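Next come two complexes, and both contain chain A; in the first it sits with chain B, in the second with chain C.
Right after this comes the complex of A and B.
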């Protein structure tokens, strides 16, 4: 049995409904990341945000990107962030976060920017970019390792530089206390 | 990928190998400055030779993503001299403060690879990655003195704002990609030329993309009002690194502007001209006005570097206004600014050889009597930064301002603003000269010994500052070729 593409009574595509749900979850959890006081909860909200984004990738027809998103962001980065919080947080954390001193103007600016972006994107003819496509993984691999092989290789150099920098900054010098 | 591709990317691969070689040498003989410096400087020399060789046969590799032309060669050689000079100036400052030299040199050479990638990139994605590869080592270098809270504070500000601006820039790139459907610079330019020729109004999405990319790039070159990270990052960094940060990433970001705004978005230049004019006027004026009030030479030079960004933007605006000379002026300015600014920072770093010496104006009091040669060289660099003939800075300013005058219209107003700013800047540059030669030192300090490496670097920057001011012809023909390669 196949599910019809359009929901029968309201005449809306399933994709669109799913997208709306996922987008709401993503924006809501992203807001929680910046609003919540408890930094652990912020981290957990961030994982929800990443998960919703993975769902949007699936709807957009990029299953490989979605799988990578789950593996790398939810699997690795979030756990890393939570560990970093756990290992570095002191009990005497400030009650108010230091960066939240300009919350109201920042929120206003964000809302205004969101409206501008929505208006601009809505009134633009996106041409071919608006059509629904489904990217097969082998096609992606061909593009990645032929047309975009240079960026692919450069990322490895970028990571090497970042690792060297990270190790230098984190390394404890001899005789330095714990 | 063929052998021809390998020959074209040879210099880039060479630079990556030099960075790795420095680390390996430090692994074998840890903590010694000699071997790491030798490998770094010899390696950079080799990369320079490779660059010059590769520049003789222009071509493209990786299906048009990587281009070697006159512009690439010019910018690459400039980047190599920036990194080479920084490596020459730094050890005298880093060693007394127990900061490692091998890691410093390796990270700096990684930044060089990023800059070289930008210079050669004709693909939006490669441009972005090159930018990241160039600025990421900069964040680390800004916080290199990791036990110094000022250095860490500056690095965190630089890192946060830098990351945000990269994200904003990438967001803008995504819009351009969405509209044009390609990441290759040549194809984007062709597609946009079609849009511009059709006479249709700019699509809102494309305008938004342009705005985001301009914002992202303006952060990187520290144009007003996107400059807030600059003074803190520059003042907190170890002085030779400040010199590098004020030149390397700035010239690199201008390379990005050339490849992106002139190369890919050139057809839309009537649409971004006005923004650049406003940015240039604001950047020059505010940078100079705030520099006037600074009592710390490092912070003064930080604001002055913001002002110099403004002068370079005048060249870009003149190009957008229809004068090819604007690009030549911009490139000439980049080279002249590199040598005079690195020289000025090298003198500040040499004075701070002993840990604990600040970069306050008082440190310079009586320098003319204490170390006459250093005082004279500093005067030369400051005169050049002011733009007084016969120094490199004079021709640099003259070329960009002349191009703006020739473009006419709103650009002649911009030219007037630039001239007024150059005059105002003389006050704070010459104040340092007054302190060096006409003020009694606050506390009598012994003249310090500077290594022959520092002297060699100082002489190199001095000679270049004077030569570019006396015989501008050869460099002018080089930048003319470079500008032609970009726009033809």
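Right after this comes the complex of A and C.
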């Protein structure tokens, strides 16, 4: 049995509904990341946001990017952020004030930025834009390991340098108290 | 809706704007780093959207998105290590108390 592409009664396509749900979850949890008072909850909301974004990647037709998003962002970066939060929680935490004094101008600037981006996107004619096509993973692999093999190797060296640098920066010196 | 490029681009612009607000407004250094991650994700969504709608960019955009994810991981590692190192000296994660250069 195959699921019909269009929901029968309301005449809306399934992936439109899915896209709307995922977009709402993503924007909502991103807002929670920036406004919640308890920073641990901010980290957990960030994981939800990245998960919803991985779903949007799948809808957009990039399943490999979605898998990498789950592995790297949800699996690695979020855990790293949660560890850093737990290492830097003081006894007085959560702090009384979450926002700087410039929070209201910052909010205005962000709203203006969003409006400008929306206007620019809406007024541009993407002439070359066709219909949505799924990225074939084997074509992606061919391009990654032939045309982009030098950036790939440079990124691997960069990651090694970042790991060594992170360990060096966060390491305690001899005799220094915790 | 899922077949128009504009929906994806506006979504990525919203995510970027939310990240901008968080970076400018939060006091906690780790919150600021999390906001930077949100902004990087917004840009990545725009790259992936362009790749899935424009034929000429199709496999390349996904490759660029993967490289951006790897660089973001490196950035998060070093950034959080710096925050932890500063926290060890100053005993606070709040950026507005890092004012010893001003005094």
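Here is the rule we use: the second predicted complex is superposed on the first by the 165 of 178 C-alpha atoms of A that agree within 3 Å, B and C clash if a C-alpha of one lies under 4 Å from a C-alpha of the other, contacts with A are read in each partner's own complex, and residues count from 1 in each chain.
Everything below uses one rule, namely that contacts are C-beta pairs under 8 Å (C-beta built on N, C-alpha and C of every residue); 3 or more make two chains touch, one makes a residue touch a chain.
On a predicted model such as this, the values are computed, not experimentally measured, just so you know.
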First, second, both or neither for A:117, with chain B first and chain C second: both
Chain B versus chain C as contact partner of A:60, first or second or both or neither: second
Which partner reaches more residues of chain A (counting touched residues only), chain B or chain C: C
Which superposed partner A:107 touches (first chain B, second chain C, both, neither): second
Partner chain(s) touched by A:87 [first = chain B, second = chain C, both, neither]: second
Touched partner set for A:165, first chain B, second chain C, both or neither: both
First, second, both or neither for A:149, with chain B first and chain C second: first
First (chain B), second (chain C), both or neither touched by A:9: neither
Doubly contacted chain A residues - partners chain C and chain B: 117, 121, 126, 128-129, 147-148, 151, 155, 158, 161-162, 165, 168-169
Interfacial residue positions of chain A with respect to chain B in the complex: 116-117, 119-121, 123-129, 146-151, 154-155, 157-158, 160-162, 164-165, 168-169
For the chain C and chain A complex, residues of the former touching the latter: 1-3, 5-11, 13-22, 24-31, 33-35, 37-38, 41, 44-45, 48-49, 51-56, 58-63, 65-67, 69-78, 80-85, 87-88, 91-94, 96
List of chain A residues in touch with chain C within their complex: 13, 15-16, 19-20, 23, 26-27, 30-31, 33-34, 39, 42-43, 46, 49-50, 53, 56-57, 59-62, 64-65, 68-69, 72-73, 76-77, 80-81, 83-85, 87-88, 90, 95, 97-100, 102-103, 105-107, 109-111, 113-114, 117-118, 121-122, 126, 128-136, 139-140, 142-144, 147-148, 151-152, 155, 158-159, 161-163, 165-170, 172, 176
Residue numbers on chain B that touch chain A, as the complex places them: 1, 16, 19, 23, 61-63, 65-66, 100, 103, 106-107, 110-111, 113-114, 117, 123, 125-126, 129-130, 132-133, 136-137, 139-140, 143, 146, 178-179, 181, 203-208
